[in-house]
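Attaching a single structure in structure tokens format; questions to follow.
Each chain gets a letter, A, B, C and D, in the order it is written, and its residues are counted from 1.
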Amino acid sequence: MLVVMKAQATPEQIQAVCEHIEQLGFRAHPLPGAQRTAIGITGNKGEVDRGNLESLSGVAEVIRVSKAYKLASRDVKEEDTIIGFAGTNASIGGRNLAIVAGPCSIETPAQAFAIAEQVAAAGAQFFRGGAFKPRTSPYAFQGLGLEGLRIMAEIRDRFGLRIVTEAIDNESLALVAEWADVIQIGARNMQNFSLLKRAGRLRKPVLLKRGLSATLEEFLMSAEYIMSEGNYQVILCERGVRTFADHSRNTLDLSIVPAIRRLSHLPILVDPSHGTGRRDSVLPMARAAIATGADGIMVEVHHQPEKALSDGPQSIYPAQFVTMMDEIEQIAPVVARHLPRGIHVAAEV
Amino acid sequence: MLVVMKAQATPEQIQAVCEHIEQLGFRAHPLPGAQRTAIGITGNKGEVDRGNLESLSGVAEVIRVSKAYKLASRDVKEEDTIIGFAGTNASIGGRNLAIVAGPCSIETPAQAFAIAEQVAAAGAQFFRGGAFKPRTSPYAFQGLGLEGLRIMAEIRDRFGLRIVTEAIDNESLALVAEWADVIQIGARNMQNFSLLKRAGRLRKPVLLKRGLSATLEEFLMSAEYIMSEGNYQVILCERGVRTFADHSRNTLDLSIVPAIRRLSHLPILVDPSHGTGRRDSVLPMARAAIATGADGIMVEVHHQPEKALSDGPQSIYPAQFVTMMDEIEQIAPVVARHLPRGIHVAAEV
Amino acid sequence: MLVVMKAQATPEQIQAVCEHIEQLGFRAHPLPGAQRTAIGITGNKGEVDRGNLESLSGVAEVIRVSKAYKLASRDVKEEDTIIGFAGTNASIGGRNLAIVAGPCSIETPAQAFAIAEQVAAAGAQFFRGGAFKPRTSPYAFQGLGLEGLRIMAEIRDRFGLRIVTEAIDNESLALVAEWADVIQIGARNMQNFSLLKRAGRLRKPVLLKRGLSATLEEFLMSAEYIMSEGNYQVILCERGVRTFADHSRNTLDLSIVPAIRRLSHLPILVDPSHGTGRRDSVLPMARAAIATGADGIMVEVHHQPEKALSDGPQSIYPAQFVTMMDEIEQIAPVVARHLPRGIHVAAEV
Amino acid sequence: MLVVMKAQATPEQIQAVCEHIEQLGFRAHPLPGAQRTAIGITGNKGEVDRGNLESLSGVAEVIRVSKAYKLASRDVKEEDTIIGFAGTNASIGGRNLAIVAGPCSIETPAQAFAIAEQVAAAGAQFFRGGAFKPRTSPYAFQGLGLEGLRIMAEIRDRFGLRIVTEAIDNESLALVAEWADVIQIGARNMQNFSLLKRAGRLRKPVLLKRGLSATLEEFLMSAEYIMSEGNYQVILCERGVRTFADHSRNTLDLSIVPAIRRLSHLPILVDPSHGTGRRDSVLPMARAAIATGADGIMVEVHHQPEKALSDGPQSIYPAQFVTMMDEIEQIAPVVARHLPRGIHVAAEV
């Protein structure tokens, strides 16, 4: 259910409607838009009585949302969600493309700084690096943990790059929320609903990767889990699904990009590194992702991929990243987008 | 790496080898067999030096395990793992088939008792029921929680049935470990490695369901996560995978049963309810599962499926469960198995 | 559209209704049942006028068939289709299980006779062997062609076994129809509609294998292509579909068996050889297939599989075939079936 | 096996090597390149003796081709294959992008001409339209047949557009070869090896669509079937594969484009119409296809898609086609390509 407020509704009226909803035992989600504010109503207590709500002052209309996902739906919020990063010119969603680049894992300070320096120079605004790694084998390198987060915090200080890194459980979630700028929830945890809810109680952006066999509806429902707890800063990310095809590690399902953009207001990035698993396919698929209308790219870059502790074969070289940025910049105008180069951090934040 | 002890090795010798391994910074996993004890060595510190180990007293030979999964592998433990339940004649693995039956969710005491009574009467030894439900939608019924566990504890008291129920996060894991007999990890959490490790530190059997797009190797690697922490009581469960086929909710991949039995010593059950999603396919697929050599069946039974809060369309009626038991009993001898009927609990435990 | 005739309708009345239908530009398919005859109406000219048909003498009622497949549907013919082989006790469909066994390819007379002798001795009634092979590579062994058909004709003479072999195009279809008892259409040709229609104009049974990514509806629609041309003797065969799973060559989708039996009157066999691609999985899956309610098994048997020109790794040894027959015989009564042993051919046919 | 001739080898020397190969019972495939001619050797008679060949005059070296596909492999022919159309500036492969546009089915002359006029005006060089339709149902519209071919021949005369249309069996193949410029083999016939061989004996370009569950290797092996018969003018076309994803009709697997370009010299087009099944996804995926490096687009255009006899929901409007052309034109330079607008036919051909 969605309450659409009148254009001239006052903050007090909006507040009063929210309180009324919460008194009924539901949860109210005020979603400000360019013209008017909408208030999403969620909860598993059955239907809200519509008549009463329509009679509250400032209310324009009450709409039933028929989709399973509500807060994530474009029916509820027509404008694209744009996630800003205070004190910087960086954003995810909207006209500007967002580029997240870095190694699969943070291995050593030297490795991380070397890569960060090069992706910053090429114009990335976001740095990715795994500190907590969800590995298929219990005997594989599991990441540097807190030490990795500290290294990335230093990268933010030195290069201004905003940090995206994965949380895999309660403990790492608390640490990632403290040290990073965007909390990544990986494909294997896309339906770890307990983790999603916990991330929903934080007030940091969450980058949610599509599960290996998730349908579009399941993907948006997982976003809904985060949003239903009050955190509306969700970034989706397509990273390939599992099929019979064996020429790539996964099958990058780019057709989900226009579908998501039609159905949801949330930004969607594409990860061509996990999506293909092959260095020589990363640039073609990054270009393709931008051409479909994706809001940006998340890509693995390593200066010595042959020595990488994880995902070496799918990491591109810094020089290839430079090429990728140039190519994306050329394609951007075709889809009414722009590629900002570099991040500008306000002196005093 | 695997240390095979001589048949006549003493407990002290086994202990000494384990201590030696741990001093090297690895983890030792003594795995007693019918003839001799083997000691699995795990850890992500690289290779152990073989020569030293071979010279310890009581050691017959040291074998490199080439598979990615080690403790779960039949190379390491040749005999089938049989999981017993103290004070009862119930077991999972080995000659006797295990039948786990009950509703998708515990809804009310009356519902749970009604179903439990009927599955107990038909000869089930294990009762399943969800108290913590991983639901695709945040707005769907999420289970009764602790209240559901209490109802199942009463079912154990009344009917003797051992309880299998799902844990979905740290909090529910602690509760399930306290109240139930078998901890279920669901398909969506098959690669929630943090939860797997935590379950590995408990000393209760863990029933691990195959993820919707998990390969056989990934499935065994997730079992390995639990075992690498010292909990060797792992039960696998096939419950269907996601494919293009639309005549069933999932595609039940029964060919994994002979493959698992070839590669691993762990027991494997089959869940034809989630595997098909259709009541009229449950019995045919339950029969088929037993015919492939599965160690048992996990099945949803509901006396009023049309009123079920979840999974009604795939729940069979109690009368169908009786038929299923009769059919399984007839097929069992073809695969050198036996279906025990009912659970016997020792008076004083 | 389906015209149901009264129980006491005369052959002349049935004939008159058929003629009326054909005059309207449609095709009439009289389908005799135990109680009454039904007449299927097909054609792509739009809807038939119902009123007129209902007024014809002998007509009980006229029913709209809403499924896409009509002649293949159980709505149109309730009783199981049983395909008999004149002058023998062999049949496919109904209470008796049908076992089709033999090598992937006919390689030499000696090889074919050696295998045929052993499968006949173990009680098979049907012999399979490829003379025309659809191979992925143009450079692989393509089969002996007519020579292979001649060898199989001799096997029929010597052992009584009825012959099942694949046709891959117009030329081979004409030859197979002349020399064999059942025309096989392979998975790769399941949607070779031109070949299906041509097979539909013949009056020999057609064994149609499911395509590697065919849905149930597509599978039945391909059967419908054959039936729409007047050949109602169609045998379906599940042989595995393509998924991400890599522990077997294909994923044998046994849950299609109860689904087909619910929706169609046509018999369905299961091929566990192509379905798994591994000798050690063939027997478990053959047992499972019978347990689901399949009408029989199609299996590759080779006395020297390590020397086979094709599909050696999935061919079972003759001794395993004997075991398979014994196991199937034991499971048969659970699903109200019977395994006839051996074929009896009338002296004078 | 591949015989590489010296750069200065004479036509007589090439001829002599070919004759020598054919005398050995193999087939010789002379493949002229920019620098030198290579001669592919195929046949299923086992290995050719290498020594003898190396001693023939004009031979530089003899190379073993380890891939299953040989003539289709870039190992055998390094330069991109470019297929020209005599008397016109149209081509497929190489620097110029090829755009094939038109309705799913030819329905009436008026429909076909209306669409042809508009796609020609927007700059297409190729017209597609089905005359022989492989339909899932025997009761669906099967195409106009020869009448459809005649209409398309008139379109060629009026607008210069070269004609691409599907052949589904021997009869339609003969007609399509006579009336059209490019013979299309559809996804369902990708492994109709008999049809492939027959198309391989013709000397018209063949557009081969990827099967719904074909691996890259199977796809190239089907091209190899055509080429092994001497027809080297093969155009590949990705059109989506079948997966669990339900937000699009098929899953367009764009990552096959860079993989094909790495492994084969054959041109590859992308069909975003069948690949997505949704009008609103066609343009995004067409842009993406060009961005991955595809050699062109095959797209369904209809001026009245709501009245189309087949595939209406995935056909774009002529105005969208104009937009698509403009967008492709802008992306082309990023991948070192050019979009020629319109076809120029020499006055006297």
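Convention: contacts are C-beta pairs under 8 Å (C-beta built on N, C-alpha and C of every residue); 3 or more make two chains touch, one makes a residue touch a chain.
Since we're looking at a predicted model, the values are computed, not measured.
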item: Relative to subunit C, chain with the most remote C-alpha centre; value: A
item: Chain pair showing more contacts of the two, A-B and B-D; value: A-B
item: Between subunit B and subunit D, centroid-to-centroid distance (C-alpha), Å; value: 51
item: Separation of mean Cα positions, subunit C and subunit B [Å, integer]; value: 39
item: Rounded Å distance, subunit A centre to subunit B centre (Cα mean); value: 35
item: Multi-partner residues of subunit D (each touching 2 or more other chains); value: 213, 241-244
item: Contacting residues of subunit D [partner subunit B, same complex]; value: 242-244
item: Residues of subunit D that touch subunit A when the two form their complex; value: 213, 215-216, 241, 243-248, 251-259, 262, 275-276, 280-281, 284-285, 287-293, 327, 330-331, 333-335
item: Contacting residues of subunit D [partner subunit C, same complex]; value: 42-44, 68, 134-142, 168-172, 188-189, 191-195, 197, 212-213, 217-218, 221, 224-225, 228, 241-242
